[in-house]
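Dumping the structure here so I can ask a few things about it.
Per-chain residue numbering starts at 1, and chain names A, B, C and D are given in the order in which the chains are listed.
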Amino acid sequence: MSSISILKGREQQIYQKGSQDFDMSCEKKSLAGSISQRACVFCGSRVVLYPIADALHLIHGPIGCASYTWDIRGALSSGPQLHRMSFSTDLQEKDIIFGGEKKLASALDTLIDTYKPKAAFVYATCIVGLIGDDIDAICKKASQEKGIPVLPVHSEGFKGTKKDGYKAACDAMANLVGTGSVKDVGPLSINIMGEFNIAGEAWIIRDYYERMGIEVVSVFTGDGRVENIKRSHGAALNVVQCSGSVIHLAQHMLERYGTPFIRVSYFGIEDMSKALYDVAEHFKDTCPEIMQRTQALVREEVKKVYPILKQYKQKLKGKKAAIYVGGAFKAFSMIKQLRTLGMDVVLAGSQTGTKEDYQVLRDMCDDGTVIVDDANPVELSKYSIEKGVSLFVGGVKERPMAFKLGIGFCDHNHERKLSLAGYGGMINFAREVYASVTSPVWQFAPRKTIEN
Amino acid sequence: MSSISILKGREQQIYQKGSQDFDMSCEKKSLAGSISQRACVFCGSRVVLYPIADALHLIHGPIGCASYTWDIRGALSSGPQLHRMSFSTDLQEKDIIFGGEKKLASALDTLIDTYKPKAAFVYATCIVGLIGDDIDAICKKASQEKGIPVLPVHSEGFKGTKKDGYKAACDAMANLVGTGSVKDVGPLSINIMGEFNIAGEAWIIRDYYERMGIEVVSVFTGDGRVENIKRSHGAALNVVQCSGSVIHLAQHMLERYGTPFIRVSYFGIEDMSKALYDVAEHFKDTCPEIMQRTQALVREEVKKVYPILKQYKQKLKGKKAAIYVGGAFKAFSMIKQLRTLGMDVVLAGSQTGTKEDYQVLRDMCDDGTVIVDDANPVELSKYSIEKGVSLFVGGVKERPMAFKLGIGFCDHNHERKLSLAGYGGMINFAREVYASVTSPVWQFAPRKTIEN
Amino acid sequence: MKTQEKVEYKATSNACKLCSPLGASLVFRGIENTVPLLHGSQGCSTYIRRYLISHFNEPVDIASSNFTEETAVFGGGANLKLAIDNLIQQYRPALIGIGTTCLSETIGDDVESIVKSYARNNADGNRPAIVSVSTPSYSGTHVDGFHAAVKATVDALAEKQDRPDAGINFFPGMLSPADYRHFQEIFDDFGIPCNMLPDYSQTLDGPMWTQYHKIPQGGAPVKRITAMGDALASIELGRVLSETKSAGKLLSEKFGIPNYGIGMPIGIKETDVLFDCLAASTGRPIPEKYHQERARLIDAYADGHKYVFEARAVVYGEEDLVIGITSFLSEIGVVPALCASGGKSGHLEAKLRQVVADFDEKQIQVMEGVDFVEIGKAARKVNPDFLIGNSKGYKIAREMQKPLIRIGFPIHDRMGGARIVHVGYRGAQQLFDTITNTIIASKQDSSAVGYFYM
Amino acid sequence: MKTQEKVEYKATSNACKLCSPLGASLVFRGIENTVPLLHGSQGCSTYIRRYLISHFNEPVDIASSNFTEETAVFGGGANLKLAIDNLIQQYRPALIGIGTTCLSETIGDDVESIVKSYARNNADGNRPAIVSVSTPSYSGTHVDGFHAAVKATVDALAEKQDRPDAGINFFPGMLSPADYRHFQEIFDDFGIPCNMLPDYSQTLDGPMWTQYHKIPQGGAPVKRITAMGDALASIELGRVLSETKSAGKLLSEKFGIPNYGIGMPIGIKETDVLFDCLAASTGRPIPEKYHQERARLIDAYADGHKYVFEARAVVYGEEDLVIGITSFLSEIGVVPALCASGGKSGHLEAKLRQVVADFDEKQIQVMEGVDFVEIGKAARKVNPDFLIGNSKGYKIAREMQKPLIRIGFPIHDRMGGARIVHVGYRGAQQLFDTITNTIIASKQDSSAVGYFYM
């Protein structure tokens, strides 16, 4: 593997536990000319707001940004499907010269009349700022004319990283929060935040909390509805998953409405159970019996899944895995999940981890584990081969790399159609890992042939 | 085409109108070594009895005869689908030596218990006679034990031609006729004979007669039911299509029960209308208003189809056609049908025509038309090319020959899934002819390329 | 007593097999300038013609000696001779391939002597060769008729003539015209002459004509069959076949030609065996093109492996085809839950064990000598995701509302049965894509969500 | 007044097009040892990578110059140069293919001068060639980006060197890797060198690896592109393309090389044009193999013609693909009731008239520059039997409960999009079988009777 060199300027974003001092460089912009697996500001906003199913999502810019994001995510809605449409102002050369404002106003007008959404989000893409379109004014005017919230999302692709896109999305939502009536909201109430209802995961989580006797006011933004977001400030607690994406909104709500928040993860038995217990803990004074209910729930669910997981563990024990995900927080859960299956994580990384995230990661990992920030296919493949992994957990962009090298793969990104959260999701995860790691097709991989 | 010679011994089975004295040689067994399009005695019995949907059809012999006839015909049933199963005693070497009687008895026993048919037909195949199985005795015994008619069909393949198979089927049915109660049968009643309900044709014909106020007691054998056959001797008239196949039964019923019969065809507007008028004529004394009802019906139906046929005629006018069918009687109708579409029949023949049939054919045809009996692909292709036909009407065995030569084709045999009888059937026929004759694919036919 | 009889003599209901004269006719259709002739009643050849036509969509002329009642009483010799005379007059064939039927076998016609006596009385340099094979419908299935005809032809024609460059004898078994073309291409790429028997790649999948051809162009040339006695080696496809007295073994015994009895090359593993065998017997390297096809196929396996993993399949058809398909399914991770055949060699399970890893762990059910009613009952119990086999399984697939992937023979409810490539890396690629996409389509169409992004 | 505005400025809903940098990236991916680099923000390359990966199931590395806010203010020169440096360090490419984006175009970066200045300051024999092309997302579609990149590459690299045997320049347009492989095979069989650009037959449909390849093997060699200035002729596929200032025309103007602008060879008629063109430009006969493929295809057309006759189709996708498919559908008797594209050349209807007999009589509806909401509305009105196009039409097909035959790009809901052969007699054979069998399957499955004998 000597032929693979690490780019100058990226050495500090790669760390092998035990071998070096730990001072991870991260939260940097991707290096020009490296093949980052990251996306852009627009992408960040789009993923957060995407699952709001009764809102219109209009992308103001040339066609690409809309085309590439048309119904590619597994975020389900129990009702309206408007979020699965792809709307674009499809700016042309003359719009770049003369401005796209008229086009945007007219598009909004027609689309709102046609689809009758409960709100509209207008995404600014790269060139919108440059050509000087005043989308705030246009949105305001449309809002007044149509009588629904029309919210600008300042997601010009180049103005930061994906994280800035998260923030822009939170800013837009913050304009909705607090505008609805909270008179029916009880004291044992939460918002589920950072949960996008991929393959119906929010429904599963919501069901757990409801069985504990808790009212879920709003899910941000899985199976999202404008009305629920408007009244979400009535909830007593914000339960935040996917720390990066919605933390701004949670902080905003803490400051503005005094709503406290806790951070959780729903992946794996350990973290899922903790997510329930932490909420129970929060409400145990208001509702003394909640802890018992939670214990009963956890016991019941674990009892169902444990024997099945044991079977998979027998097949997977001792195999090595690599993890590369968007947010680092998810990586923590995944390491535990893979350990539940008897597997060792030998490579872990994220696109957007913070220094603290990487510290936690380091503490969790065994000696020898490689930790990477904002990696590229060359680096990921290099360490996967060196470490001899049988499984790579990542997103669509990592998939072909894994397959090329004869490595099993599990899609843990938002394009997946498989529910991985909650207790049942752990079974799905185990089954998915098992299906890929033990498939007989790998016997034909040239790397295997050479090894044998 | 000089390379194609006519087999010695077949010269008398080919006649070109106008060029020779007419003395068609026919009703001969096929010449050894010629590739006849004919089948065997078993085939004749099988096609006639096949559509009786609530009977068990057990083929006594090696597997082939059953395999090749498994659900290949378009005869529909409105209820039971038992006729679409393929049952065989599947005789093995040891059965040839020791006899197949036990196996037959046992198979009958099990099958009748399993499928609870209203009757069973046991078809003797080639070797059954040779190995000495007494199927009459076995059937009789099974009939007594099971309390349903179990009827032997003496259809040993080599013992004659397909026509002998028709007779064997009629003999078997004759044992059913007369065994049911006729007390509910009225005076304005008919049996439809020689109609196999291909693609639901019997339902269409039955509907016409019923609209005329006539009761249809039984259809032989389309959508056939044992119970209806049993009481069919109660009908006042037998209306016989497909002359060859059921004429023996019609004659038997005339002799035994005094039921008169008339011969009809349901193909094409002319013959279809005649089939209705002839029946009306028969009953006009019993029911004076029937003629008027029939006229109204015919007028209504013709009015519906005429404008559509006119459109097809515009596209097909002047094109030449060849016809080769099983029974000659069908050919008469088809010539008229094709004329309705503006087409000229330049080659006509049948597998089983009689001297009288060919006389009629000769009288119908234009000068120059070639008439053939029991022809083979070599002859059929020779004259198709010489005469420059755009359409060949025949059965599955003729289809590849037509297509190889770039000639359109219409399947008028019993494997078709398209209703061609009655007024609506005439539209289907026109559409089918149009689809094949005018398809743009023929532009690529090498014969076309050479001609151009 | 009675119960026992029932078990012993049950009827065959919706057979998963055809009769042996069909197999023999197919082989003779695959020899150049040859007419198949069935010695029996007219129906046999007409039924078989129609059955073959509906699969191949090509003219299939099969002559009949056209028995009558008198023939059955007095013997078929005269009819058979007349048939041969007429065929020669009308077709001028290089070879007439005669198959018997249950009828001629039962009356005890000695076709071989009849043919000999005919030859004696018609000594003439221009007379065609005549090959006869015993194919009574009551013995075995169409596959047995097929192999018997191959062996009889080789026995009658192959000679040791010390020709150089006689190439390799290749007995592909009953596969599609497209398979045969692919084999020819492989041999061409190896640069080694291939004596393939039969070869109906052109005769049953040919072009349109400007005039009717009494015998279609193409087929294994008689002189290449004659030259088989000089070949480097014989390769014979079919793991069950290799248990029989086959053409390859016959040549081995008669002329000492080494015989490789291998499986049908379906999927990577069994195709590797063929290529290794070709490399070994010719001493030549495997052409680069096939390395590339194989490599792309493996890449495709990786891309699609999760869609098919532990999908459950019902496989049915001729035994050797079932073995080949099962080997392929196992290597891609599909569980061949039920493997069934109307054939009854007694070797099916043992041979399946050779090609399936963890045979017992997978709880594979194997059924020999069964019909479609029995297959249907068993299929329901194994809860398959799809069925794979010929068109005749459509009824059970439809009842179970499971997709049927059509392969083999006959394909009577789709176009292009003759164009299916089952063998080689190319065939595996097509099968893999078809299976994967069938599973994806089922999932997509039955999903309430309806993604276009799987 | 307001109504008029609505008509003028409508939103695009579910676009039937992609942006031009995607097309350029695809072209650069089809040049040997080349890295595509998009000059813009990170999202462009990441979105495009993911979109391409989901179709090809192959790694698709596309670099980004990774704009920041400062870049937008001060210009992208420094970033671009840094990106080039980094790419050279990590990839050691023979060529870097730069495409612009809406961002870099809007701020007015002059990529050509930046590249020139970079080259001046980094004069070194081992430096890669750099080609840049203007591909703002707001101008045209992915097809325009594709053709622009081909032309820019040829413009930058092709030279007149008086090489003998320089072969034929071949610009296939946007087709599948399998199509490209088939073209290569045709040229090989003609025995004439083929300078195909792009050629992602291996780079986007390759084997598995023993270690990660930063740049996949394969692609059009740079020296073959350089040699284009000496070729016998250029052949350029696409009837709409032939209306533009294309690479073929450029070579004709620069070096006097005759250019054949023909249609995409889909179906017999358009494939015949390609073969005639190859025969004419090389002076060599059409290889026998293709005569045979063509003949078997015609035979198949005959066998299946009635199933497809006057079936009604909705065709959508890139304009030149739509024209090719429509030509094919017309020659088999299918009525292309609606032909739609997100592209907007202004030539679609005129070009369709060239390939469809009885265009007016068939009442064909042609739509340019439309999105899937508009296509869906129009499709319902023409009452089609099937749709044919990329995966993105699945939603409307599903709503209409009509089968979708997947071709072109992207195929995101089936495996093997890269393996579809659209072109040549072989491609037509596969399309014909697929269409015929789709129609038969619909009929069979919706029938109450359920025959297995169609």
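Please note the rule applied: contacts are C-beta pairs under 8 Å (C-beta built on N, C-alpha and C of every residue); 3 or more make two chains touch, one makes a residue touch a chain.
Chain labels with UniProt names: A, B = Nitrogenase iron-molybdenum cofactor biosynthesis protein NifE; C, D = Nitrogenase.
Every value quoted in this text rests on a predicted model; they were computed, and no experiment measured them.
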By the touch criterion stated at the start, how many steps lie between chain C and chain D on the shortest route? 1
Per the definition at the top, count C-beta pairs in contact and tell me whether A-D or A-C has more. A-D
Centroid of chain B to centroid of chain C, CA atoms only: how many Å? 33
Could you give the separation in Å between the centres of chain A and chain C, each centre being the mean of its C-alpha atoms? 54
Chain A and chain B have mean C-alpha positions lying a whole-number Å distance apart equal to 68
Contacts with two or more other chains occur in chain A at residues 71, 400, 403-404, 406, 445-446
If I count partner chains per residue in chain C, which residues reach a count of at least 2? 54, 57, 207-208, 295, 298-299, 302-303, 392, 395, 451-454
Tell me the shape of the graph of touching chains, choosing from line, ring, star, complete and other. other
If we use the touch criterion from the header, which chain pairs count as touching? A-C, A-D, B-C, B-D, C-D
What residues of chain D sit close enough to touch chain A in their complex? 2, 5-6, 8-15, 17-19, 21-22, 37, 40-51, 53-54, 56-69, 71-72, 79-80, 82-87, 89-90, 101-103, 105-107, 136-139, 141, 207-214, 392, 395
Listed in rising order, chain C residues that touch chain D in their complex are 54, 57, 205-208, 292, 295-296, 298-300, 302-304, 307, 391-392, 394-395, 398, 412-416, 419, 429, 433, 436-437, 440-441, 444-445, 450-454
Per the touch rule, the chain D residues reaching chain B in their complex are 268, 295, 298-299, 301-303, 305-306, 309-310, 330-333, 357, 449, 451-454
Quick check on the complex: what are the chain A residues that touch chain C? 71-72, 74, 76, 400, 403-404, 406, 409, 415, 417, 432, 435-436, 439-446
Quick check: in the complex, which residue numbers of chain B touch chain C? 1, 3-5, 7-9, 29-43, 58, 61-71, 85-93, 95-96, 102-103, 105-107, 109-111, 125-127, 130-131, 157-161, 377-378, 381-382, 385, 396-397, 399-401, 403-406, 445-447, 450
